[in-house]
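Below you'll find the structures, each written out as structure tokens.
Note that chain A is present in both complexes that follow, paired respectively with chain B and with chain C.
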Partner chain A sequence: MANVAIPLMKKIEPDKGQRLWPWQKWFVYGSLTPIMALLLFFSILPVLWVFVLCFYNYSPTRAGSGFLDMGGANPFIGLGNFKAMFADLQTSAIFRKSFVNTIMFAILVLPINLAITLPLAVLVESSQARLKGFFRAIYFMPVITSAVAVAIMWGYIFHPQQGLLNLMIKTIGLTPPRAWLTDPRAVYFGIPLAMIAVIISYIWQDFGYNLVIFIAALQGIPNEFRDAAKVDGANAWQEFWQITLPLLRPTMLFVCVMTTLSSLQVFVPFQVMTNGGPAFQTEVLVKNIYDNAFRYKQMGWAAAISIVLFLLVLIFTVIQFRLLRSDSGLEY
Partner chain B sequence: MDTFFTPKPRSASSARLFRLGGRALLYVLLITGAIFTLIPFIWIILTSFKPASEIIKIPPTFLPQNWSFKSYETIFTDPKVPLARFYLNSTFVTVMRVLITLFTSSLAGYIFCKYRFAGRNLLFAIILAQLMIPFQVVMIPEYLILVKLKLIDSLWGLIIPGMVDAFGIFLMRQFIESIPSEMIDAGRIDGASEFGIYWRLILPQMGPALAALGIFTFMAVWNDYLFPLIVITTPERRTLPLLLTWYNSQHGSRYDLTMAASVLVMLPMLVAYIFFQRWIVRGVAMTGFK
Partner chain C sequence: MKKRLIYVVIIMAVVLSACAKTTTTQAPVVPTKAAEPTSPPPAEKVTIKVWSHSNPAFQKANDLLIAKFMAQNPNIEIKFETFEYDLYLQNLETSMVAGTEADVLELFGTWICPQYAKGGRLLEVPEDVMTYAQAKEIFFQAPLDGYYCDGKLYGLPHEFNLENGGALVNTALFEKAGIPFPPKWATFDELLADAQKMTEVTDGAMAVAGWDPITGDGLTFTLLAGILEQGGNYFASDGRHFNFDTPEAKKMIQTMVDWAQKYKVVDPIVFTDESNSVSTSFFTGNMAIGFIGSWAAGEGIISYPDFKFDYVEIPTYFGGERRFAADSGWGKVVSAHTKHPLEAWKFVKFVTAELDSAVIYNTNSGTIPALKALVENPEKVLAVEPWIKPTFDLLPHGQYIGNLTDRDKLFYEIVYPNVLQAMQGVITAEEAAQKINTDTNAMVDAAQ
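Here is the complex of A and B:
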């Protein structure tokens, strides 16, 4: 779960409340000590560890010497793992491919997702009160479904002969692709077909989430604004672009950041549906980390890739905050 | 109201026609969207009821020509797939994670919100920092820690690292801010212990926040794949998503079987969703996280 956006978007309030009495100290420190210890041990320690591990040639199959098996057979290699990212090796080439694919996936998912969810939210909001909940419930259904089940079912839907999608494409009289998930030569506008297939299945599963957020935000806009626009003679189109959209700006920032962050971390469809194929066209960073760490046991190398993923997450977040932060001070 | 402020006055009948057309278009779009959302579900449910011979037909059929329960029968009678065991594993891990997360998050959230103590801001900053780290970035050390603790390949290995949830603490703290401090003081005057105030005064008022956090922890843990994938190795300890990928790797081309297995894995969540849909959707809107 990445929730970068939330702490950044909400101000931390200054201390309030009262000072502790001695008997309260027992309660406060007694409760917080185990909780913070668990958090430090299972959440903060791994962060520090991964930043150390990325400078080692570490494999859990070798018994190293010294602290946490780092040393001896698992030597410190400085920036070796990071230099290897630019090397002329097959593993390095696969990493670079996964880096490009991860960015491609995240950049494609966001606008498609917004193009579906924002208008759909407006449509749902303008439907009858009783039907609103009904449509919302249906659209949200894929979100609660297991990603593994979704990957397996879409794998079948994309099946070239037995799949539903090609059946539908044939029914409307078009020629479907020969293979959605396995043909490395099928590339449209520079995007491999298998990548397009993963994007379709991912957006199908994920769009209900943003939809619900947008609907909630639309409901939060006071009617006075819209009424005022109508009095001024705005039509529905103008009302949307000039009233609703600017007021949705904070929500927009939140949705953009969250959508990008979660799409940078997608693993299941790339592992279960395409397994990175064909010809590494759907190999992404998280899958690359998983394969290197847990299949090839190259954990130092995989830790270095984790750092790259972390930096990518950070950079994308900062860029979006720069682009979308509302400076107008518009609040409602 | 609407007609009163319509910018360009049209004749009454043409305006009504225009509105009627707009309404019709609205519902056509909404229903089309709903069909696209539902059709994959319908298709795999229908597929799971087709006999194996019908699956391989080209072109494929949409409705089963002969309804068959063979696929479910095969799964239920497969000795390598003790379904009850996997449901139990998933349920155990999920219920433990939900209960423990609710307890630790609300307790820590309450303390961070209503008490002033040395180190408070530093500790809370650590919690916020943790929110910014995706699990995928730290999964390697997470695995190594579990190896050292001998928790690898154990269901407890899936529970213990998730007992404290930074986001949960953050969310609960936000919510408790709306509970007036005067009430806590009143509890103190009545002689309640500090823990008693949390347990009897604060917790009962946190219904909506606890429900939202509980639902999302439930969804995240029940559907989680990556974490169990790196922790669990013994077949009997698999959770449902692991069972599903394993089953898929064994019977990849038998779509009747894999689709039936997918239906069986999705079913508990879908049933829960039908009952708790309102709370789930409201919870997302309230907390805005997944």
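Here is the complex of A and C:
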């Protein structure tokens, strides 16, 4: 048996990969080429194109003089778009506001999301086996629901006259806000009420995704660690804090990065529920990019904002990787 | 390694060449020059492509006109393609760069000069099709002038886009408040007095707005009309920059602030374009008088057939002569990339300038005619859309809104939020006027 196995194992050694038969090579190239072409033309080239456009005052409604209408009526302006971000213009002011709002949204969403999903995941995981699947399904349902439908639904819930939320607040004898989504003077702790309303709707839809990931991670922690802690006299809180949480660190990193990435790029609830209002208090970068590119047809300006968003996402991701990188050596 | 790379390049080249569209070399087109009718009428069948947005009413109007045109012109085949509104605009942007847009495009008149014509994307109307002088004879000035830039005509209008001078009225609320219907308002104060009677506040929150002009279009058109009614002008002397820091602009904004703060006929926090917009709130019974174009009445009849309402003329804001600025509405233009300009212009003229075609277009799309003849002999149109009758007396008083540099930015990013904030009491009317003045001029400077 061993005599047969050894030559076979030699054949699939990684460093001998070049010994593939020609038909195998063609199969590999043939399989990979379409997906590579797809990636190239619909992801990589558009991204590269944004890096080119951001240096032009480019509008697709103007016929330029050069390649793809670059030049002439769509002139190269160097860093002009980036300098304009600091100018005393309405467009620049809206960009700066959207920049701040985007960061505010991402910073608020992450801790709230974690504060809900992690304890809830522990609770679901500790519930009866038969109920686990039920809870997972219930909490995951909003994730697979259309974002537009969810935004419209929450728009109705927050409606100042017929909204369910105001009705409930009135029922318990309290006075609801005059308008959740449209009052520019309603600001609590520096956060506009409209932004709070959008955060509520966004987290409602999004938390199920992180919940399922945390549940999976919790199930992956071997019981031996917990049993050992119990033997050492740890109570439930100590077990969670000293054992579970450190072992969830890689999952936490993934959840933090993904949640931050997605919340920096949120568009639908802002577009549908508030349209950036009131007084641009919920204008965010992606909506600003969309408006400038497709509503006002200022593609060069929109591309420059896209670069800023790209850098913002990059910086947030790097910071999170640095902060949550596991140096403790805790593995299981 | 090099060999592998070559294989990958070859495969990709094969795949891409299979996917690529076969292209032929195109003769260069000088976009701003008129297409000269150099070729004789086609012996072979020519196919021209027409693009529009997919609003069902507009689609039906175009379908009927295309069928009629093809029956009369068997040598010309029309391929009509529609897109969902936002997608249509995105398609235009990308296809114009690639030169793959349709021969004939349905575009909104106010976009033509500052964007597409200035950008060299459109053909000028050939003189043997129609001169500007001829067009002025048959079309209203306001819709036509959207297609007329720097002494050149770039297309022909279908509709007079009117957002001024009329309002939706909820007949049940008039009855409930004991107000005679139809209303005979001689002055705007009389309208406000009736609006106050119909305004309802429940538990401290406004449940029914008596008079609501708060939409992105509504506030801007009201401001412009108010300025013009007082004899003012919102353009600076160079015709490109703006002048909103004027007594007329401040007075009009203060008038709008008073509607909310003094007369309390609308709550500008609860009734905004984002939440409780006129087009939706009116038909849910939360509004007595809603300031909006007559197109909303057409949509309301289809979407809310059991809702009792009417569309009536409203008085001028300051009691003087009626004057207002109007957008140039939807019309047809010809792409600079077309290979069949003769046939394309023949189609455009047929669908816009011929009386029977205009009847088909306006009655099916629910729009106000751009052709003067249809308003002078309105029986055919009014038989289908009687609610637009109050608008007919208004049309001669309208002037084209002008080259706004970026119409949507001015309306939705500058005027609307500033006037709304003034109505909400966040800034004063004077501050709003100054802010609008600064931001609109900065927009013009940035575009230059």
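Keep in mind that, in the parts below, the second predicted complex is superposed on the first by the 313 of 332 C-alpha atoms of A that agree within 3 Å, B and C clash if a C-alpha of one lies under 4 Å from a C-alpha of the other, contacts with A are read in each partner's own complex, and residues count from 1 in each chain.
Just so we're on the same page, a residue touches a chain if its C-beta (ideal position, glycine included) is under 8 Å from a C-beta of that chain, and two chains touch if they have at least 3 such contacts.
In this text the structure is predicted, and so the values were computed from the model without any measurement.
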Tell me the contact category for A:Arg185 with respect to chain B and chain C: first, second, both or neither. second
Which of the two partners, first being chain B and second being chain C, lies in contact with A:Trp241: first, second, both, or neither? neither
Is A:Gln90 touching the first partner chain B, the second partner chain C, both, or neither of them? second
Just to be sure I read the superposition right, which of the two partners does A:Lys170 touch: chain B = first, chain C = second, or both, or neither? both
Of the partners chain B and chain C, which touch A:Ser31 in the superposed model: first, second, both, neither? first
Tell me which of chain B and chain C touches more residues of chain A. B
Could you look at A:Thr274 and tell me whether it touches chain B, chain C, both or neither (first, second, both, neither)? second
Quick check for you: in the superposed arrangement, does A:Phe294 touch first (chain B), second (chain C), both or neither? both
Of the two partner chains, chain B (first) and chain C (second), which one does A:Tyr156 touch, if any: first, second, both, or neither? first
Looking at A:Thr61, would you say it contacts chain B, chain C, both, or neither? Reply first, second, both or neither. second
Residues on chain A touched by both chain B and chain C 25-26, 29, 36, 60, 68, 159, 161, 170, 294, 299
Taking the complex as given, what residues does chain C use to touch chain A? 4, 7-8, 11-12, 15-16, 31, 86, 89-90, 92-94, 96-97, 115-116, 118-121, 203-205, 207, 267, 269-270, 272-276, 286, 336, 406, 408-409, 413-414, 417, 420-421, 424, 426, 438-439, 442-443, 446
Complex contacts: residues of chain A adjacent to chain C: 25-26, 29-30, 33-34, 36-37, 59-63, 68-69, 73, 84, 88-91, 94, 155, 159-161, 170, 175, 178-179, 181-185, 273-275, 277-280, 291, 294-297, 299
Help me check something: in the complex, which residues belonging to chain B touch chain A? 2, 5, 7, 26-27, 29-30, 33-34, 36-41, 43-44, 47, 55-60, 62, 104, 107-108, 111, 113-117, 120-121, 123-124, 126-145, 147, 160-164, 166-167, 169-170, 174, 177, 181, 193-195, 219-220, 222-223, 225-226, 229-230, 240-241, 244-245, 248, 255, 258-259, 262, 265-266, 269-270, 273, 277-278, 280-281, 284-286, 288-290
Help me check something: in the complex, which residues belonging to chain A touch chain B? 1-4, 6-7, 10, 12-13, 15-20, 23-29, 31-32, 35-36, 38-47, 49-50, 53, 60, 68, 120, 123-124, 126-127, 131, 133, 135-149, 152-154, 156-157, 159, 161-164, 167, 170, 204, 208-209, 212-213, 215-216, 227, 230-231, 233-235, 254, 258, 261-262, 264-265, 267-268, 272, 286, 289-290, 293-294, 299, 302-303, 306-307, 309-310, 313-314
